[in-house]
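First chain written, first letter: the chains are A, B and C, and each begins at residue 1.
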């Protein structure tokens, strides 16, 4: 591996958006300032994160450390391949989400708070990505809970409050579990560093390892919405659309999935996981989640809950892939972080645009919408086809590698499971497309023009889905990073998976 | 004596009586401390004609003296508070005060 | 330098009414300056500690064990926090003069309290320990009753009676110890206790001291006086009481253990078990009680009960990690709780409303105070890297390290984490009410943000509480020798 370099940028990346958040809250009562700040920060941060890419590709690891919270446990950032990949995804999507949100939230109350916390959320996400140790990761993980809460509660009202309470109960209990697990890791290994691949490898107390595994996977599993820990997600759909997009495509659920990846690859390490065999149980749970969530999604009448259930199903792809413990599957797990994010955010943007344009939220109201909002529905089509797994779209790549990985692991059953899942996906996405493009509306409702600032991000994200699909080697999203992360986790050097 | 005071403090509802209980306890402790200084056959620790080589330890007396000062100031404060309670609520029976608040 | 730490506030307290009797504003400046100077003095001495180990100072030149001796050790370094919090509380009470009948006397009492606190931390002999304890207790009783608010006097007397009994218990124990050893100097008593052949009497003294200090520390179930006193007192006084004065019980407990270290082996072990159990119960009971409270300040008071539980639990677990965590938590909880009470006082005083439900929507009227309160709530729950985290983490670690049977370990860790979760639960209730509910009370709609003299101290304290975790390693390392001495008896 390359050199470790002291560098300000890992800290700068989360800091940019945190400062932006502070400024928005201070001077954001002026719409112009607010919009300017809200746009400047993601662009700046985008630059900072991408500027670390060449170095990271050359094998350099950037790190920076602040005060020690406990003896031997610093508050520190460290950029490795996996973290940088996650940060790239989130900072790219942040630009799109901000542009969209500026248009979507126009004229609504409480924008100052909204954009402040919006920026803070992304700040914490990058913090999670760059965390050097489990403690730093946990800090940002909890901060993310705290920051998304006001966003979720933005619209107020009884239903929203109930959803907010449920969200907190779930995520904070998860947080407590992680904390307990962390405590045990510290007790067993004497370190929480995420820099190695397997800090627990020297521990041979089975019950303790099992306890750590259960606590950490259950803790992160709450945000990754593994069944049966998923119930907060569908009810969290009461939030404004950009929040749902951010929560479900970028920040919260991905933080959970990312945490799981860290636990499997960096805390336990692949070798120890293979030896212990706990991953098979996790894989089975994830497999069940994929199918069950899809079945529930089939029965949804409204668009947003449908998206939520689809998210639950898609996230378990990542978990399943990670639990297979083979290089190809690991690639699938990591790139699905990006694939699912881009496709799902496209869908959310489209749904939000439809809601803004026509006021419609139910699936059976969508007859003929494809002709009224061609751009938006085009994007919707691309993203949903990607989820079904049509070749040349992003989702296909995931499934390809995942199937490879499953075969590698000798778990051919999962290939069949993927096929069933693709079928189920087709069963709930295709009827929507059919309605949108092939049914005449009974009474053509007037369509309000939707701002370009909402349509453009939708389109860009859809294009990204295509690029990710055709150009696995294309420079748009550096899959090379995913590969180098996998090589590190599996202790391989120079062998392409 | 200590227990008598504690009993009064716990059982009586009248604040003044509680305070008296407290004072009885204090006296008990002071008396105890003074006896610890007692030495068999010792003389008062005052130098003068006819005093032997064995003295009663003077330290406890100093302690108790300070203790009494503290106790007096506390009693004074408590009495002032009780007067204020009487003025505000018209009673100094604790159970009545608690009932009045509900 | 050492005697300055407690002499400065006491001397100033004596002069304050004489010099500025009729001029509260000047008295405010003077009191603030004195508190700050005291803090600086304490900080200078504390800064010299790592090099010197322990600073001793014989008052009037008489050597120990006969003379009066002061000792500035690592535990006494907490006087820096005492001074700083007091200074901030005085700053905060600049505009309090409207509700306090005699502001100059108020400042005087605050300074007496500070002198008592610092003296208590410094005292090297038992009797001075007692005198300073009484000094700070009596001033605390008086401070509770310092407002015109009805019920304050009642709360004060309810605070005074158990307080006085606990003081008597301590005095009684001191008497017993003197009878046994013939000395009052703590180091001397400790050394001589080892040779005393009267286990019953030693146990009696130990028990009386422990119970006495536990009442002062308000450990559940001896906490009954605390919620009334802390919620009825004026804002800055609540901050002082909850952040500093209860900690005297903890310090006393530490000194007690130090004292008996050499003497009572098995008795002390039983006591540790008792402390562990009581501490664990207090953590949960205090947090549960806080969750169901309606009044903001009362909720904070119960939160203190819960946090004292943590500290005592950590002492009871008696591992280096947990004891260091407990001592760090004394310091950290002081910062956080002082900030919380000041923020709560700002909200409550500006609106005159006490119930959390009445304060709904105030976050939009008083954004700074409300944000500080919310952030403090998160800090007190112990979300890393805030101040609450370090202590709780160390205490949980101590529970793991103790080598106890598995179910006990699991239970203890669950208690530590569960207490933190409950703390989040009541914190979120407050945040919800302040920011996410529509105002229900007309006074909330009319409320204005607190003046700068109130905002500065509370923002400073909460800012410290939020970022304090980053210095956790330094604090833990600083108190580690104390913890090692404590455990290695």
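Here is the rule we use: contacts are C-beta pairs under 8 Å (C-beta built on N, C-alpha and C of every residue); 3 or more make two chains touch, one makes a residue touch a chain.
What you see is a predicted model; the values in this text were computed from it and never measured.
Ranked by distance of CA centroids from chain A, the top chain is B. Core chain by CA centroid proximity to the global CA centroid: C.
Separating the CA-averaged centres of chain A and chain B is a span of 69 Å. Chain B and chain C have Cα centroids lying 27 Å from one another.
The geometric centre of chain A is 44 Å away from that of chain C, both derived from CA atoms. Residue positions of chain A in touch with at least two other chains are not found.
Residues of chain C that touch chain A in their complex: 378, 383-385, 389-390, 393-394, 396-397, 400-401, 413, 417-418, 420-421, 424, 428, 432, 435-436, 438, 469-474, 476-477.
On chain C, the positions that touch chain B within their shared complex are 127, 130-131, 134, 138, 141-142, 145, 150-151, 153-154, 156-157, 160-161, 164-165, 168, 171-172, 174-175, 178-179, 182, 184.
Against chain C, in their complex, chain A makes its touches with residues 66-75, 135, 138-139, 142-143, 146, 150, 153, 156, 161, 164, 168, 172-173, 176, 179-180, 183-184, 186-187.
On the side of chain B, the complex with chain C involves touching residues 2, 6, 9, 15, 18-19, 22, 25-26, 29, 32-33, 36, 57, 59-60, 63, 66-67, 70, 73-74, 77-78, 81-82, 84-85, 88-89, 97, 101.
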